[in-house]
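What follows is a pair of complexes built around subunit A, which joins subunit B in one and subunit C in the other.
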Partner chain A sequence: MRRSPAFEIFRYAAIALALALTLLPILWMVSMAFKPIPEWSATGADLTWIPRAPTLDNFRFVFGESTSDLIVALERTAWRPILASLLSAVFGTAIAMVCGTAAAYGLSRFGSGKNLPLALIQLRLFPPMAVMIPVMIMWAFLGLIDTWWGLALIYGIVTLPFAFWLMKTFFDEMPREIEEAALVEGCSRFRVFMKITLPMMRAPLASSALLVFILNWSDYLIALLLTTKNWVTIPVYMASLSSSMTGQLYGAKAALGLLAAIPPVILGIAIQKHLVRGLTFGALKQ
Partner chain B sequence: MSATETLARTAASTPSRAAQPVDRESRRLGFRLTLPTQLLVLFIAVFPLLMQLYISLTDWSPLDGVSWWKAWQSWNNFANYTDLVEDRRWWGALGRTFIIMLVCVPAEFLLALGLATLFMDDFPGKRIFYSILLMPMMVVPAVAGYMFFMLFQSGGPFNGIVSALTGMDIRIAWLSDPTLALVAVMIADIWQWTPLMFLILLAGLVGVPEDQLKAATLLGANWRQRFFTIMLPRIKTIMVIALAIRVIEIFKIFDTLYIMTGGGPGVATETISVYVYKVTTQDLIWGYVAAIALVILIVLSVLAVFAMKRMDAAKNGGAAVQKGARA
Partner chain C sequence: MTTIRLENLVKHFGDFTALKTMDLEIRDGEFMALLGPSGCGKSTTMNMIAGMEDPSGGRILFDGRDMNGVPMGKRGVGFVFQNYAIFTHMTVRQNLAYGPKMRGMRRSEIDRRVKNIADFLQLTPLLDQKSAKLSVNILQRLAIGRSAIVEPAIFLLDEPLSNVDAAFRAVMRTELKHLQKQFEQTMVYVTHDQLEAMTMADRIAVMDHGVLQQVGTPLEVYNNPANIFVAKFIGAPGMNLIAGELAETDRGLAVDLGTWGVSPPLSDDLAAAARAAGSRAVQYGFRPEEATLGPEGQGLRARVTFVERIGARTIVHVESGQTAKIVAGNDVACSIGDVVSIVPAPQAVRLFDAASTAAIRGA
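So, the complex of A and B:
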């Protein structure tokens, strides 16, 4: 469709404005992450968008190296929270994907578990805050408080609806001829699922897993309630970073925030094609 | 394609097994495949709900030094529920959550719809702009909260930009003013979640058949007519889905907001989740929290079932219309 030049100008102007608004907060954090203390200036009058004396001190600091400017020592470095975030998100994703994929196949092919779609949507609908009391009691009883495996278990359950719905729409769309052919060859149904269906679904499986991973990685509230010290995740650790001497550790927090923000942004761009489907429970395809 | 159609085609290609649509092996495998998920749902839904119901009828607190199953010792004759009706802070939090919802959802929707219409046809740079515009929704919400915490400091860049634009030296402490803090929280939410609406609405708009738009143009429809009579009706369902997702998510709003303001100053930005969180971790009256949580759950469940029914009805209606059109 041809558009008038006036429209094109308007379009680029509007998009430029949107891009600026989108990027400003991100750029400020990036710039903050590379600023030395004198430039942190939460109160200072001069605001610079580009650090005058860029430094990696903030990153060194959160990983426990002593730096020239910051005399405060950290009680805990960022290594362990990063490990906690990785372990809980990866294993949570594994739980959600294994259970979700199996159940989605069961429903899509054999009509088992007809209650699951609604049950899982409801699970997604509830604010986590509204079910945390019993979960905290149960987790305490099972000895899962402040462990990465306890977090992984709850993450797996919380993101199970996404894994299930995404895989269900993929299975529903998959042509069944190949499976039928393998059945005629004498494979058992389970073998067909393991040896033929799953390998064919590699790409959808990968993008579903990445989406689930992003969601797990992004959690703050659940980790805040279920971890206390040893296995706090990055967001919880980041929020707790402040010292009595310098107040808010602006630069250090920004550095950590940047590290936490990078993986999901990259993964998200990688799975752009399936984002719509994943986030609308398969109601929409792109 | 419906299941019966598929079955029929399968039957045609493999006549020998056509008699058994779902045989015993399949049923057993289906059961086994869905079992882990069923167990997890039971584990996280049924037992916890019963526990929640039980605790909500008592004054139990983890500080009591009594195990939760002995909570009956502090049975309180439904006092938690009657307290809730009179709990000003609770109603305040509920009201604030709705205010945020009423401002943010329409704002996000309109911004996203406008942007999405700009992205409907191809133009140089579309892909890269699209990727950049989607970035906010992938930023970890807690990190986004911290970004906006920095932006809205009194000597921070937000005031800096406003000062530069207006020529005055502006030093507003956004996050310590009750009204402005709420505004700041809303801005953060709009920044982070407009991209999601944009993504969904654009997916819908791209699905609008181009030939219809072309035909309308040929018949002399201007863009406004094309927009309101062809595009909008076509993406009605999609708009409902996008709005529903945001309404549900804003109802849960916590991460960004809590990091920015902690619900403060005072209770100025306290939403339902923040309120429940504070009662859980600071006041530690878990019996009361359980009561609040149950009320939220029941109300949401009723709404969910209602919405699903409506959606199913709409879907079936839509399918019928499509079939009719084809015939």
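So, the complex of A and C:
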């Protein structure tokens, strides 16, 4: 199809605008992460896109090395929050994916637990605050406050509906004949699930897991309420990066933000093949 | 190598009756086609034979053994699905080896069988390819191979050729028949394509709306359809049926077809049967291939409404209140608007009771 040049110009302008809106804030964060204090604390006229004196000081700072410029004593370094975030997000994602996939398969294939979908979505119907305060009390009672496993458990619970709904749609789309073909060959139900269904579901599993992981990884509210000291996560830790002397430590925040973006990006690239391929189930043309 | 017996088989889905009391015996080593339009219950019947669906009533017997409650993996059936159901995350070889592996065959035996079946179905060069990338034709071939490799006593095929292209379908028809000759399984083949049923099957079971209409060899159902449905469904185009009334003429019993005129006198057999049946309102049937176009004056009168020239033959559509089709040679000289006379071959005429739709047959 041939379009008029005016339309093409408009089209590319729109794309450029969308890209700018998405990418410029991220670029600004990247730039800030490498700026020394005078540059990120500078006001107005002095701001530049490219750091004039690029430095790794911000990174050194969050990992606890004292730097000449920043005379702020950190209560703790970024190591522990990174570990907390990784542990809680990874295990939370595992809980949500395992339970969500199993429940979705049961409902999709056998119709077991017909009220489950609604019961699960109910978790997300209330304002998070309304749910989280009672959870906080329960967690305190169970001794799960300020532990990574307590956090992983609640992450698993609140992201379970996403895992469940996504996987249910995918299971519904997967033709039953594939499983029946294996059953006819004398394969047991469980074995069919493990050897046929799950391997064919690799792409949906990967993309659902990525979404759930990002949700868990970027949570702030739950971690704020359920952790106090030992197992605060990156977002909570990041909020604490300020001082009465200097105000918000933008440089350090940018450095940490940059680091926090790495795991989702790596995961995204790792499963990109599955994401773009989408769900075709190769052979099945109805 | 098993006899399948269906006894009073019934299947309901909620309020919907998919199959009404079906009785059918599929003989040892027979190629039986279940033929009918979509929704006629043929796939449901097949799924119950395989054990994917439980009957609502009645029994399925394999060699006299009641299959009720026997899980599908233990029935010893092979099943080929319309949509192939290939395990796309595996290679061609892994797909073929799946059944034998599940049955715990030895490595050497599996290799031997994979090699044989791959040779037979010309899959050898593709053995180590990922099956996700194969064409639909190859996928269906693979699906057939995957089921055939364990040499099941019963081989069930659910419209296996409806998604493949026409040229390949012709090839596969021959190959499937060949396959059955080699392994001598009892084969049940579900299809809505009468050409597939006619060319491959030993016997055809014609079904409609959950009711078995007729069982017989391809020629039986073609020549002597049991009722109006079968008459119309079998044959391309189907049998011509013109409503009329029995009428005595001075040359014997005939059928008064209204605007078409009066039919030639019926054969003695048919006339006797029609008299015995006692009903006056009938459908007068004859195959489009078994009638000739004559000059005006003899036979049934009708006007040509359309002429389809398809190369070897010409299909002439005629109308006189009701429509009919005549298959003529490719050089037939007629054009739209002509008035023609149609003379059905006397031995090709069939009568059906207009009320019950059943065939009225001579002795």
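Please note the rule applied: the second predicted complex is superposed on the first by the 256 of 286 C-alpha atoms of A that agree within 3 Å, B and C clash if a C-alpha of one lies under 4 Å from a C-alpha of the other, contacts with A are read in each partner's own complex, and residues count from 1 in each chain.
Quick note on the criterion: contacts are C-beta pairs under 8 Å (C-beta built on N, C-alpha and C of every residue); 3 or more make two chains touch, one makes a residue touch a chain.
These numbers come from a predicted model, not from an experiment.
Within the superposed three-chain model, A:177 lies in touch with subunit B and with subunit C [touch as defined at top].
In the superposition on chain A, A:130 makes contact with subunit B only, not with subunit C. Judged by the number of subunit A residues each one touches, B leads among subunit B and subunit C. In the superposition on chain A, A:109 makes contact with subunit B only, while subunit C stays out of contact range.
Looking at the shared chain after the overlay, A:25 reaches subunit B, while subunit C stays out of its contact range.
Touch criterion not met for A:168: it reaches neither subunit B nor subunit C. Contact with subunit B, but none with subunit C, is seen for A:254 once the two complexes are overlaid on the shared chain. Residue overlap on subunit A between its contacts with subunit B in one complex and with subunit C in the other: 177, 180, 183-184, 188, 283-286. Contact residues on subunit A toward subunit C in their complex (touch as defined above): 175, 177-178, 180-188, 196, 199-200, 202, 281-286. Listing the residues of subunit A that touch subunit B in their complex gives 1, 3, 8, 11, 14-15, 18-19, 21-26, 28-29, 32, 41-45, 47, 49, 98-100, 102-103, 105-107, 109-113, 116, 118-123, 125-138, 156-157, 160, 164, 176-177, 180, 183-184, 188-190, 193, 214, 217-218, 220-221, 224-225, 234-235, 238-239, 250, 253-254, 257, 260-261, 264-265, 267-269, 272, 275-276, 279-280, 283-286.
On the subunit B side of its complex with subunit A, the touching residues are 6, 10, 13-14, 17, 22, 25-27, 29-34, 36-38, 40-41, 43-45, 47-49, 51-52, 55, 68, 114-115, 118, 121, 123, 129-144, 146-148, 150-151, 153-157, 160-161, 191, 195-196, 199-200, 203-204, 206, 210, 213-214, 217, 238, 241-242, 245, 248, 251-252, 254-255, 258-259, 272-273, 276-277, 280-281, 286, 289-290, 292-294, 296-297, 300-301, 304-305, 308.
Interface of subunit C with subunit A (complex): residues 50, 52, 71-74, 77-79, 81-89, 98-99, 102-103, 131-134, 136, 139, 143, 146-147, 150, 163.
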